[in-house]
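In the two assemblies presented below, chain A is common to both, partnered first by chain B and then by chain C.
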Partner chain A sequence: MKVTAQPSADTLTLLLDGELDASSAIVLDTELAKPDILNYRKVLIDCAKLSYISSAGLGVFISHLQRFQDANVKLVFFNMQEKVFNVFEILGLDALMTIVPSLTEAEAA
Partner chain B sequence: MKSALRIACSRAHLQQVRDFVRNYLNTRPLSEVMVNQVVLAVDEVVANFIIHANGEDETQFLDLTLAFDKQDLNVEIADNGDTIFLPGPTASPDFHAYIQQGRKGGMGMTLVNRLMDRVEFFTRGNHTVCHLSKHLA
Partner chain C sequence: MSALSHSGAGPWLGQWPQWSTQLTQAAFALSVFLYYRYQPSPLHGQQFVKLLKRLLTGPGLLALGCVGLHLLEVAAQDEPVFSSNSLFFTTIYTVNLGLFVIFLARTNYAWRALVLFRASPRLQKEWTLFEVLLGATLLFRLVGIDPPAYIGTPIVVLLGLFGVYLSGHQKWVAYLSQRDKWRAVLLQAGLLLGVLIFVQYFRVTQVDPQLIAPRPQYAFLLLTAFFSAFYALMGLMVTFFNLPISDIVEQRRNEILRLQRLTQIIQRGQTSGEVYRILLESAAQTVNADAAWLDLDPAHTGVEASQATLCLNFSPEQARELRARLTTYDLPEGEFITNDLHLRPGFEGTLQHYRSLLQLPLRGLHYNYGMLYLLKEEPHTFHHEDLSILQTFTGQAVLSIENLELVQTSLANQRTQEELKIASQVQDSLIPKNLPTDNWFDISSHSLAAKEVGGDFYDFLHLPGRRLAVIIGDVSGKGVTAAFHMAQMKGIFHSLMQENPLAKNERDKFPVPSKFMAQANTALIHCLEKSSFITSSLYIIDYEQGGFVFARAGHCHTLYYHAMREEVFYFESQGLGLGIIRNDSYEKHIKNQFYDYSPGDVMVIYTDGIVEARGGDGTDEYGEDRLKLRLEESYFQEAHDIKNFILDDLNAFTSGHPIHDDQTLLVIKFKSAQPLP
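Up next is the complex of A and B:
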């Protein structure tokens, strides 16, 4: 699992590459736990190369959501593969998180 | 055709488990979503055995067996450790509470129960065994 951060003015884009499981979730957790992430208005999660997510990966996002909301940082997922979106859907997390098809929609969200 | 894998109880082996299940299922014309659902269910149970039942003790091991009976996939995951691990009934996660609490865990077995047609944990001697099955048409 590789996480690449691309900061711009008020937006941080994180590109996820690989499989997010109980072994690799710590990599993402470390990135999302950085204090300066709360200085951005938006955190965009580019899921184009995210080929797998388990409950451990979902748990990382859930565990930071309140902290982001309290700091008025919007978390938006985009470019999600169907099989990964299906996992969010099965748990009903697609209704609680902002998941959009493309970067254009993520920037507008 | 049956396929078997033995792994030590380290979460570093989860990738190997997923590749094993994917390779087995990819011999059949199944959708990517369907394959991923089974891979995820097996990964969740194996991760629970590794982390919660065996405390990531790499001297312990798990045996996985996959077998098709016509269109039904049957999975056995046998824990060779001596800790009996029998997850109780799972309630639907209250995600609003999870978000407020910053909670990371508590979804794995819910996923397994929603992904598979049958989920059973039982004891064999002083070991725990999990059987999963799903009709894959």
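Up next is the complex of A and C:
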């Protein structure tokens, strides 16, 4: 699992590459837990290369959800593979998080 | 040799056959030597000093007997009866000769034991040859012809040289301890003295005109006496010159013994405190330090800060003072020797009499356990060789400590394993063993945890009015944490599914599934860590109404076979997992779904451990589609057979892959109404 951060003016894009499971969840958590991440208006998660997400991986997003909302930072997922989207959907997260098909929609969101 | 020839029998006895005296002498010498030859070896184990002592206190005292008899003889000279009495004189001479032969035989065979101590077979053969040749010299006199000097003398000299060669075999000396060496030197000197007394006696009496006995077996006695004396002399010299070397050998041996002691500690299961104490004492003894102390690092050794300093001939206060002074010098972290402590400023006062200091860290694999300090009063007394032996000591001590830690860790692991086993048993008792039975449904269940304990759970509860509550759930994560939350969820289920006495109508006495989920979510807010969540589905099946209501809180979709439509499908319903939203707004994210069932319908409830089970190349998942196909093929069977049919297919799919998530599978089959018995 590789996490690449691409900051721009008011948006931070995180590229996830690989399987997000219990061991790689720590890497992502470290990235999301950085205090200055709340200075961005938007955090975009590019899931194009995310092939699998476990409950521990979901837990990372869930644990930061409230913090992002409180700081008025928008968390947007895009380019999500169907298999991964199913996991979000079954858990009911699709109603709670913004999941859009592509970068264009993500930037517009 | 022949020059020493004697004229033979005296006139007093008349014509005494000389050959008979000589034969008796030879026979006596031969029998005494043979007697001692076949005695058991006088050497027991490595008790060399004991052997020498017995030799001196036994045959050695015969020399005193010889002196005593000689003094008696001198005293008797004044008596007219004995004065100038050749017979008396000769008798004493003969007795002394006998004593000398016994002395020589004992000594020779004691030396044999020493020569042959750990000897090669070749040396043993050489010794036997020496014995045979010595025995042959007895024949010199017996055959009656004295060999001429030009033959006899070289033979005796050659045999003497043979004895010298054999005297070189003093291997036993190396096995003596320092103290025993001194004793051996004294004992051998005593034996030498014994030989000299005899020799001196015979030298004097041999030329006395009163002696009327025939010449003794000169060559034989001379050679054995020479060998006895020379071996003792060689042994004495070797022992004596070995003394300074043995000091070093002794020291090395002590070092090895101390090292062994350190090594054995771990096997005796002693504590780290004892290891440190022995290290301190051994190190100080090895380099003869006058004082020593050991500073342990409380962070890495687990000792109390107040007990982190071990002292030897030194007080903790002195250690503190000296350490404080040393820190001002900014010493290196590692090994350090200073041999002129007294010349350095800052070391005046009470500690001034310590002039040499050696500092050595206790190096572990990852960190230093502490620092060892050794002190001597004399200046210039620590050397770099001291460092190397001390490093072996500290290395061994650290090894012992690390081994102790390993043993303790493995014990702790064992305990954890035991506790996990208990936890596993406890959790097993939380899973319902007796499935509910009634004539309108049929249930079969399966559950398997990926580790000792798991996060999957399911439970049943009979409600009044022929209703049945069925719950299934999955706590995110695995192992012990998940198991705790699983137990919590079971508790929440049983406490929330209680009859509410304040309810206005029958329907509200028990919470509907969505209400239950909302309440459970609230209950879990306070006990679930932020990154954990629980997915669950609750079904309340009402037989009288012929329907069920359920809510899905993020859990896997329910698989259903509709008998009348002959169709297998997944319920598509919305619902958020528990513990994700931690406020009252959760209720908006969960919905009830009502459904009427008909006899023959089959409901398959499961956790994601089933559909996400890995097979194929390790990335393929079992999947909802495959599960659905299996139900299409087996819906007509009993619940138990449907479950097994699915599990067999699952096992075939995952064969060769470890299960990585807990698996739970429930199959409920509705039946047509049977009259109650």
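Operating definition for what follows: the second predicted complex is superposed on the first by the 109 of 109 C-alpha atoms of A that agree within 3 Å, B and C clash if a C-alpha of one lies under 4 Å from a C-alpha of the other, contacts with A are read in each partner's own complex, and residues count from 1 in each chain.
As a convention for this text, contacts are C-beta pairs under 8 Å (C-beta built on N, C-alpha and C of every residue); 3 or more make two chains touch, one makes a residue touch a chain.
Source: prediction; values computed, not measured.
More residues of chain A lie in touch with B than with the remaining chain of the pair chain B and chain C. Contacts of A:7 after superposition on the shared chain: neither chain B nor chain C is touched.
In the superposition on chain A, A:55 contacts both chain B and chain C.
In the superposition on chain A, A:96 makes contact with both chain B and chain C. In the superposition on chain A, contact is made by A:65 with both chain B and chain C. In the superposition on chain A, contact of A:23 is made with chain B only, not with chain C. Touching of chain A by both chain B and chain C, each in its own complex, is seen for residues 22, 52, 55-56, 58-60, 62-63, 65-66, 90-93, 96. Across the complex, chain C is touched by residues 22, 25, 29, 51-52, 55-56, 58-60, 62-63, 65-66, 90-93, 95-96 of chain A. Touching chain B in their complex are the following residues of chain A: 19, 21-23, 52, 54-56, 58-60, 62-67, 69, 82-84, 86-87, 90-93, 96.
Listed in rising order, the residues of chain C touching chain A in the complex are 476-477, 530-533, 535, 553-557, 574-577, 579-582, 589, 608, 619. Within the complex formed with chain A, the chain B residues making contact are 11-12, 14-15, 18, 32-33, 35-37, 39-40, 43-44, 47, 50-51, 93, 95-96, 98-100, 102-108, 110-111, 114-115.
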